[in-house]
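One chain, chain A, appears in both complexes that follow, with chain B as partner in the first and chain C in the second.
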Partner chain A sequence: MIGRLALRLAVAAVLLFLLAPLVVVVVASFSDGPVMAFPPASYTTRWYAAISDEFWQAAWRSSVLATVSMVVAVVVGTPAGITLARGEFRGKAAISAFCLSPLMVPALVLAVASYQLSVVMFDLTGTTYAGSFGGLVLGHIALTIPFVIRAVIVGHTHLDASLEEAARGLGAGPFQTLRLVTLPQLGPSILSGGVFAFAASFEDLPISLFLGGGDAPTLPVQIYSTVEFNLGADLMAISSVIIAASFAVLFILERVVGVEKVINAGKGAH
Partner chain B sequence: MSMTIRVEPSGSPAATGERRAGRASGASSGNPSGLATALALAPALIVLAYVFALPIVIMGSYSLRPFSGLAQAGPGWTLANYGKFFGDLFYWGIVADTLLLGAIVVAISAVIAYPPAYFLARTTSRWRSLLVFIVISPLLISVIIRNLGWIPLLGRNGLVNTVILGLGLSSEPLALLNNFTGVVIGLVHALVPFMILSLMIAIRRIGVDLEEAATGLGAGPFERFRLIVLPLSKSGLLAGCLIVFTLSISAFTTVAMMGGKRVLLMATYAEQQVRSGLNYPVGATIAMVLLALTALFSLSALRLLRERR
Partner chain C sequence: MSRVELNGISKSYGTTAAVRGVDLAVSDGEFVTLLGASGCGKTTCLRMVAGFIAPSAGSILIGGRDVTRLAPNRRDTGMVFQHYALFPHMTVAENVAFGLKVRRVGAAEAHRRVAGALELVRLGDYGGRFPAQLSGGQRQRVALARAIVIEPTALLLDEPLSALDSRLREELQLEIKRIQQGLGITTIFVTHDQSEALTLSDRVAVMRDGLIEQIDSPAALYRRPATSYVARFVGRMNFLDAVVTARSSQEQYELRLEGPDPQVFHALGRQSAAFVPGERVAVAMRPELVQLGSEAPNRLRMSVEKAAFLGSRWLIHGRAGGGTAIFVELPDGGPIPSVGSALDIGWRAEDVLLFRHDDDTRSASAGAILQGEPA
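== the complex of A and B ==
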């Protein structure tokens, strides 16, 4: 009995540890005093009205960037993933390894590398894409494409091959089979890959730090540059808005496919 | 959340994909033609060649150029950057600190992940899905926002120091932020869900009857853990350790946020050299060494997991 109680206490402590910073962000966003004095002595909601346009614009910029990077990843990664999962062709193992290898490369390394490419391109062409939205997209899709490819490959292994055979047997052509049988079955996997792609782009700091312009930062860059000198409750307020939005998405995912499934299909990198 | 979901020990996506794909294609109805294969792969390959392979090649070439002034690299090729890196104890210190950070984060994560992993693998409580949700949902919430929440907690006047001072554990506030300790706390928090998931999957595969038999033979909870759960979940532990270690030594965001730009590890030092120091060759060299280290650990992880299956 004591063993069971000890186990439960330990589990509760770890779960508390996991939730603590999220709770702190939300509580601190209602603080009526300095953020660093925690817990706050008194509470107010005024910081939500005081969130600066800079923060809203950065949040919007990050959302658009993550959406574009996710869409590109789904469009480019889905056919590649299906082909790598089912085809038999020369060089498949090498191509597969190449497509998934960005998942093992530290984001900071990708950031330095993309930045140095932009420097070389500037020397060659006289124009630079560093600092532009297009440059950020180029940097971020190296991050997002492999998530979709991997989720599709993993999802494809759980497909019921007999359904495709049945469709072919009933006279469906390869494209009809793909559209009516394969893709709908892969839907949850593509969704998982897309969610991870979006999250990876949305939370990225290093690539945006190197490729983004100083006057149009993404939300993580904005947070990073604010936190050292100007940590205020308004920063906690915009972060709370993001936490709330994230949980709304997570809740919908939980209802539609199950968050555990999404994580299992997409985990392994950060 | 369904319990029937198949889960692979993490860390071996490529291996799993390949092996399973062989089986899947045997069962599916015929191979697509060579042209269809090429067309389906081409967009991904072309894009990744430009946004991934080419940048790495350029970075590699920067690491082989002499430094010739701020934001410049001189003509000609040289190994001097690597020579300087490996000949200077300062750089060895940064590498050692980075690896030490990985080892500490792995050790703490493994210890605190076992209780929730065991509980979630065994419980039949109707709260299970909520608890799993609490464990894994942080993974999909921006890591920089999770870091942010630690700052008011760990500061000099923060809750943790208030409690420590209140309990008389220390006579003055502890420095828990903007230093190595802060980075460890932030990384354990960011990465422990991976360890919990990895262990949970491994423990789920251990038959409950083994533990029941051990109990019947008089084993207490601690002995059951030492003699059954720990040895039989070793593959999950290993997978979790390798993932957490690789992600720890790769980490930039959490190190920068929790270390307050004062903790110099490989990732933060490379960033500093390129962005502030404008020393492109040295920055590229550090990034290349970091890339080689993470590749080494990722590939050994793949190999280990393949052998164990």
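== the complex of A and C ==
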């Protein structure tokens, strides 16, 4: 009885701790005053109307970037993950560590390294990828692929190998087995990897700072450079929009597959 | 024509040999069981037939076709796994239809055959369910339907019933036998449960250390085991040490038991080998073939240590003069000796079996009690 009460209190405290900043941001975005005040004296929605076009463009750019990165990460990372999970070949551990290394090093290191590589490339060839949307996509793919690879490897360790054998025995070739049995089993893992890949790309600041073009910032870069000059209520408004969008995505995922399943993808897919 | 032939099949993992030259011919429509202790190579053999393991040596023929180097999906076998291996994201009907789908069987015919197969395993109404919504027994029926619906040349089952409780196991044994006979499908079944092997099979291959020790009909295996290992593995068996004193014909031996009170024993019938006078042998008798009383042939006196009730009969556990453990089985309803009493027991000469004296027989009687009930 006491134990359960204590547990509930602990959960409530954690939730409060996690959600309080979000609540402050959302409430502040409706504050009708010249400076940020919490709690606000009166309420308004005018900050939402005041969100500048630059923000909307940056948000759109980031969404496209994250979507492209996620799709490429899933398309490349899924077969890579399956190969790494199942293959018996020399250097497997080393290749595996290499593929997952972006998860281990800070994004800042990845960003500096990508930028340096682009400088070397410019010196050698006179052209390079940094400063363009294409370069940004390349950098974000390097950032996001490991999320998919990791999710697929983890999901694969929970697969029942006899399912694939059963499929083969029943007459399915290797490719049919992959398509009809393995991939459907890995579905939640791949989805999970994709969601994390999207989030990693969408929120990335360092790589976008180093590789992105100055005239076409991503949303985090845009927010970052705005914050340098003022911490206005329109910033609270755009932040609230992101929070709302994130909750919408979570809600849809919950409805379609169940958030828990995505987060622990593969642990017990059924 | 759907014979399955294994010719000199071996499989080594590094320095350990899992299978060491197995020859086995399963004829059209025959039900053969690979029976043996854990680790003797049963699964390895079966998986080599299915194509999941490549043999280190030897060849495999299915329906007259050499499939040794063929991928599993080209072999036309139906496999049933111990833990069902049903596709969790597909319904029962989709699971059963899987093999037809990848064979590009038309929708109408596939539908008809799936319905027929589900009917055959008595799950006609369960097509729309998912595997997670079924009991263990039902899942294994689905797995069976999925394996037979493709009308494979050979049906392969690896301990399909070992995850089920004993009543369900017996029920499904009958189902498997009924379906196998009805379809006349060539079948290789793997189990370490001897009663299952005896119940189901046309022939049983007893495996030991990667080799087939004996392959015979269940009755022949039980009545005339080829080695003391088989004698011990299939059913219970009493073993006593003896020396051959005379051999009056090919099938007639006179023996003297070793021990403090040397008894003379007679054995009559075909034996596992030819023995010469002076040779040490292991004398073996089935517990349930015992005869009681001072008039019994090949008589011994045992001191009764324990009487266990087995339902239709009693298992009497005791010791012979030399201290050798002895088991006898008596029908319920007759007189049951009390613990501590002495019992005169004997066996007909026809029921006395002789085996080469080797290490196997040493702990033989002790080992016998670890085995399950004979069929």
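FYI, the second predicted complex is superposed on the first by the 248 of 270 C-alpha atoms of A that agree within 3 Å, B and C clash if a C-alpha of one lies under 4 Å from a C-alpha of the other, contacts with A are read in each partner's own complex, and residues count from 1 in each chain.
Note that a contact is a pair of C-beta atoms (placed from the backbone, for glycine too) under 8 Å apart; a residue touches a chain by one contact, two chains touch by 3 or more.
The structure presented is a predicted model; accordingly, all values stated were derived computationally and were not measured.
Model built by superposing both complexes on chain A: chain B and chain C fit together without a clash. In the superposition on chain A, A:50 contacts neither chain B nor chain C.
When both complexes are overlaid on chain A, the residue A:168 reaches chain B and chain C alike.
By the touch criterion stated above, A:256 is placed in contact with neither chain B nor chain C. Shared-chain residue A:159: touches chain B; no touch with chain C. In the overlay built on the shared chain, the residue A:41 is in contact with neither chain B nor chain C.
Of the two partner chains placed around the shared chain by superposition, chain C is the only one that A:184 touches, whereas chain B remains out of contact. Within the superposed three-chain model, A:244 lies out of touch with both chain B and chain C [touch as defined at top].
Using the contact criterion defined above for the overlaid structures, shared-chain residue A:102 touches chain B, although it does not reach chain C. Between chain B and chain C, it is B that contacts the larger number of residues in chain A. Taking every C-alpha atom of chain B against every C-alpha atom of chain C, the smallest gap after superposition is 5 Å.
Comparing the two interfaces of chain A, the one with chain B and the one with chain C have residues 162, 165, 168, 269-270 in common.
By the touch criterion stated above, chain C contacts chain A in their complex at residues 50-52, 71-73, 75-79, 81, 83, 85-89, 98-99, 101-103, 132, 146-147, 150. Chain A contributes residues 3-4, 6-8, 10-11, 14-15, 17-25, 28, 35-39, 72, 75-77, 79-80, 82-89, 92-93, 95-117, 119-120, 138-139, 141-142, 145, 149-150, 153-154, 156-159, 161-162, 164-165, 168, 174, 177, 195-196, 199, 202-203, 205-206, 209-210, 219-220, 223-224, 227-228, 231, 235-236, 239, 242-243, 246-247, 249-250, 254, 258-264, 267-270 to its touches with chain B in the complex. Residues 1-2, 5-8, 10-11, 13-14, 16-18, 20-25, 27-32, 34, 36-37, 39-41, 43-45, 47-48, 50-56, 58-59, 62, 71, 112-113, 115-116, 118-119, 129, 131-153, 155-159, 189-194, 196-197, 220-222, 243, 246-247, 249-253, 256-257, 260-261, 267, 270-271, 274-275, 280, 283-284, 287, 290-291, 294-295, 298 of chain B touch chain A in their complex. Chain A meets chain C in the complex at residues 160, 162-163, 165-173, 176, 180-181, 184-185, 187, 269-270.
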